[in-house]
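So, here's a batch of structures to check.
You will see two complexes here that share chain A, one where it goes with chain B and one where it goes with chain C.
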Partner chain A sequence: MPRSAWLCRKGNWPVSSRFVVLVVPFVIIAIFWLLARREAKLRHDPTHKGYFERNGMTLGILFIVLVALWALFLVVLPYLYMVVESFHPQLPPSKRGGPEDVLTLEQYKSFFVQPVGGGLNVTHIGALVFSILASIAVTALNFAICYPLAYYMAQSSGAQKVRLLMLALIVPYWVNEILRAFALRLLLASRGLINQALMGLGITDAPIDFLGIDVGLYVGLSYAYLLIMIFPLYNAIESLDKNQIEAARDLGAPWWRIHRDVVIPYAKPGIASGCTMVFMLSAGSLAAPQFLGGPRTLWFTSVIYNFFFQNFNWARGSAYAFILLAACIALVMLMLRLFKVSLGETIK
Partner chain B sequence: MKSAWVMKGMLGFYILLFFLYLFGPLIVMGITAFNTPSYPQAYPFEAFTLDWFVKLWNDRNMMQGLQNSFIIGLGVVALSVPAGLAASIIMSQIYHRARGLFYLVTISPLLTPGVIIGISTVIFWKDVLGVTEVTKAIFYKGVVLTILGQSSFISAYCLLIFMARLTRFDRAQEEAALDLGASYPQVFWHILLPYMKPAIVSAVVIAFLSSFENYNTTTFAILADKTLVTVLAGQVRQGTTPALSALAVIIIGISLFGAITYEILKRREKKRAEQAQKRALVAERGDGQGDALPAPSSA
Partner chain C sequence: MSAGVELDHVTVRFGDFTAVNSATLDIKGGEFFSFLGPSGCGKTTILRTVSGFLEPSEGKVRIGGQDMAGIGPNKRPTALIFQNLALFPLMTVTENITYGLRVRGVDKAARTKKAEELLELIALPGQGNKQMSELSGGQKQRVAIARALAVQPQVLLLDEPLSALDLKLRQHMRNELRTIQRMVGITFIYITHDQGEALTMSDRIAVMSDGVIQQIADGKTIYDEPATAFVASFVGENNPFAGTVVRADKSFALVETRFGRLHGRNPRGMKEGDKAILFVRPESLRLGAGASDTTLSSTVKSVAFEGNMTHVYLEGAGKKDITVSVGRQSTTSIPERGQMAAISYDAALGLALPEGQLARE
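Moving on to the complex of A and B:
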């Protein structure tokens, strides 16, 4: 390709071959555009209006510029660029784009095998596994906490009451993540209120190190994403026809069967979307593990954070970020498949 | 029905516990803001003080961060609300085979961990802006990168808000206007935009708030600058001071005020709607003599 040859020859431009991959989205757009053109020509419809005809020239261009700026320059291209970066070696800025800047799997290999010593990289694999398992636990916990309230709000209370409950739910979420973690720390610290109460009542003699044994981490994550779980659940259950529950009750179903066989199957898309959001957010969270995790607990995002701010190894950090994203998406897809929910329903 | 009472009691107890979980930590933190010891403690309450608020006011870092947070919030609103609106309109017009992909691309930032958004923003824009020294000097700044990084997912929030409202839009209105000789841009400015106004207001509020309290993306994209949240994070990491509690009290105070105002406005609006409906009914019964009725009061 003459274009890439031209890019490579200009070796003093530090980004050179990296930009070749970034042409991909433009090619995809062009393909879709050509397809649309062809289809419009084949199926000639006199009432159909072209894009610029419908929106006018000025607005039409404005819309396209805005959407292209967002979808391409803020979403697709940075993601692609990060992935490309993760396949490069870590080099000082002066050597970027030089002969040493080749494609490599080194960064991904370093996740599995330690670069120094060559043993299995137990620390980082362990951190990833722990983050994912803990996030699953937090998701399950939040579902258990939120389901009864969501059901109560959606099915058995008046509109006035629901609005007040909603307000009460939203107000704590205007306080930001850091301050909420701080508030929990004040409660759970060894000098905190809960330990004071426990010792005051004579239940324990010495303070319990809640933060050290990761209770703080779980509580913090659950607390941070309570609202993310409750709204999708509420929306899903709210549209369920009350008569269905009545009918089940009249036919003699006990309460747990009503939930198992009527409400939960109906609310499945909402449950899936709440769980997906909570899982992704806690797996990618940074504040709760940093401020509430125990000293020996290593959260995977903290590993990534350290590659950026302590080791200044952006390439390896990018590779780890991509590993995290891929692992989370794979798990969510697997779960959705297992519970037979389509992705389309979930993100609606 | 004894079991119904038991159920009701348990439900009440559960709701009580739920809200205790939600508000308990914040109340405890609130108490520590007014207590004298320099380690934030709620009990024993030694003496009432407002010193921590004064200390907060004098914290230069925090004030600098607050200022940056405001600038970033405004920047994000200016970028993501129009982008979300444009995307929602294009979504309704785009070539049908491309719609699924377009939706996936625009919604994906919501499912991507904020950390990754921050990293990719920095890596990408560092090289793009680094092409010339001038662009690097002007734009390669924490505030700019943070606006770009946050906008990538906040635009998606806006898109969802706009799409929800746009699906209820009655296309007949548009056609009526076109039949009466309006041009397409006129339809946009005089029909679609006024119709979208409530959604635009909520998009602005949500965009600003989510920008203001974002940590995960910001901590990477902010580079050497600071926002209120990154200053806070630094202070929480260093240790604990009741000044942080004081800040939380201020934020809770503002949000309570906002929530209550919102509730009052909503109720007033509902009342007004009911009155208007009543008047309309009366007018209809009066057989088209609505004009003869007393003019609607402004209340």
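Moving on to the complex of A and C:
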């Protein structure tokens, strides 16, 4: 019974896996309980009331149970399921739980080495590398657009203007993502507005294949996550004392040095937080790359999507999803390390 | 090296609002010059105009005789110390002090040497590697001074740099600032709304009100010979008696007030019929009657004993009470509350000035 100790494989619910599902909630409740009990002690303030003293026993227990269930069903179980799935072979339902259903690294291996033929899996590795590099480019482009804008909003304009600008930034997001992607496609298509304008002005003779060379992809992705970059930047720069900028200027610094030496170091946590989110979201995005990517462009999430919904190979899909997650986290950690930002600072 | 600063009919407007109105003055090289005035009178605006963060709407700013129009703050031979210091919190003490040198491309060895020199000057030797958060208020103050001095400005501009400190430290830093100014010998332009600071430190003071310079003179002159009613009421305590000049000659004027005809000096040459305010300082008033044209009487409202002084407050003409400050050596008995009391002064200590706006209490 190699796998029945594990939980919830589709169509197959052995007794012991049900047992696990029953036990996990209690484990989680117990953990929260202990946290709640310790909470008062962790504060170095003797007058501080503990969790149960503040909420009463009944309400306290109710909160703990609710939070535990939320954590269980929305956080723990889904991921646990995917993790388990990714370490198993793909099998038809009838063979699940049978002798072939063993723990295996085959799905992870299939990312590097093709299951059939045994050559290096260039397509998928290429897709991952491209997705990550493109996401880095999108993040950089996004930062280049948002930093001046955020700086302007935070430092040089009045409250009225800021509100207007914010509105102008937010309102376009009421249009849904797919519609926005298609609108962009129409603009950039070979017979689209931009090409017609370029040709009409005589700048080019033949239409430029913007979508083929992934201009649409970069523009679409950058635009999709503009707000996610701009808010942390704005927040960080907004709290910078204007006098610091003037002090640097008074001491003789040219404008670019003021940004390099004063504004950017100060806003670093905000920059890190914005860049991390934009990078993670674009590496994990699905709609924009599918609608705006060129015909030869293969985004890694599309690969994952296809495993889940076209090949019904959930096992390999999950493994790929974790490879993407691991690669992104590793890169973000490396970057944070390189720029000397602690993870805690980015979520302030 | 120090340079003089000249303002030539400088006017600064924000929209319709005139923050500085036709300021003309000539600050000499190496002078400790203060601007004194109530909050919102345009002091910071003048300083920002000198440092180049604001361009005057009209008039000219000259530093060392050179017109500064169109020259940005990073190109002027001035350094500004901000009201809140504006030190760079992510840099160490040394990095803060040498920032101006770094942007000028001075090499590291020279920077370190300069930093050590300046740390010596501000009495913080060997503390260059500290973070800004590790310093006390007074130490931060001194680092701000060193950071400004590092770029060897010809004029140092200080915007109420002591206002954030507590009283003790403020008094200590006054002396220190004056000492540093004598040592480096450059022009200091100092802004304050604290008259004690202005009077103790400055060579000359410009008193401002609502964007207008009221008087430029040394501290003693400002106190003893205020040029306008505003200066008389803003600098030090003063008792104003409003009225009309009934008789005047070159040196004296007799002013008809609610408390009778009162005598005072007439430095502004007012004529009979002019609206005037006669000022007598609380320490110039004494209890008891004197000559008829320097004596008045009113009801005692309250008496406050303050150790070396006793203040007697009498019913004034308007909302403001008449204050009499009686020193310890005075032998006159202090009147009771509610009594009528006669008070008088020496004719030379009354000062009649043309009617004008008084400082808000």
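The rule is simple: the second predicted complex is superposed on the first by the 290 of 348 C-alpha atoms of A that agree within 3 Å, B and C clash if a C-alpha of one lies under 4 Å from a C-alpha of the other, contacts with A are read in each partner's own complex, and residues count from 1 in each chain.
Please note the rule applied: a residue touches a chain if its C-beta (ideal position, glycine included) is under 8 Å from a C-beta of that chain, and two chains touch if they have at least 3 such contacts.
Everything numeric in this text was worked out from a predicted model, so none of it was measured.
Of the two partner chains placed by the overlay, only chain B lies in contact with A:S318; chain C stays clear of it.
Contacts of A:P115 after superposition: neither chain B nor chain C is touched. After overlaying the two complexes on the shared chain, residue contacts for A:R54 are found with chain B alone; chain C is out of touch.
In the superposed model, A:G252 makes contact with chain C only, not with chain B.
Once the two structures are overlaid, the count of chain A residues touched is higher for B than for its counterpart among chain B and chain C. Once the two complexes are overlaid on the shared chain, A:D241 sits against chain C while remaining clear of chain B. Of the two partner chains, neither chain B nor chain C is touched by A:G126. When the two structures are aligned on the shared chain, A:L184 is found in touch with chain B, with no touch to chain C. Those residues of chain A lying in contact with chain C across their complex are 241, 243-244, 246-254, 257, 261-262, 265-266. Only residues 11, 14-15, 18-19, 21-26, 28-29, 32, 39-43, 79-80, 82-83, 86-87, 89-90, 93, 95, 97-98, 101-103, 105-117, 119-121, 123-125, 127, 130-131, 148-149, 151-152, 155, 183-185, 188, 209, 212-213, 215-216, 219-220, 229, 232-233, 236-237, 240, 244-245, 247-248, 251-252, 254-256, 258-259, 262-263, 266 of chain B touch chain A when the two sit together in their complex.
Residue ranges on chain A touching chain B, taken from their complex, read 13-15, 18, 28, 32-33, 35-36, 39, 51, 53-56, 58-59, 62-64, 66-67, 69-71, 74-79, 81-82, 85, 145, 148-149, 152, 163-164, 167-172, 174-187, 189, 191, 193, 196, 223, 226, 276-277, 280-281, 283-287, 290-291, 301, 304-305, 308, 314, 317-318, 321-322, 324-325, 328-329, 332, 347.
Within the complex formed with chain A, the chain C residues making contact are 51, 53, 72-75, 78-80, 82-84, 86-90, 99-100, 103-104, 147-148, 151.
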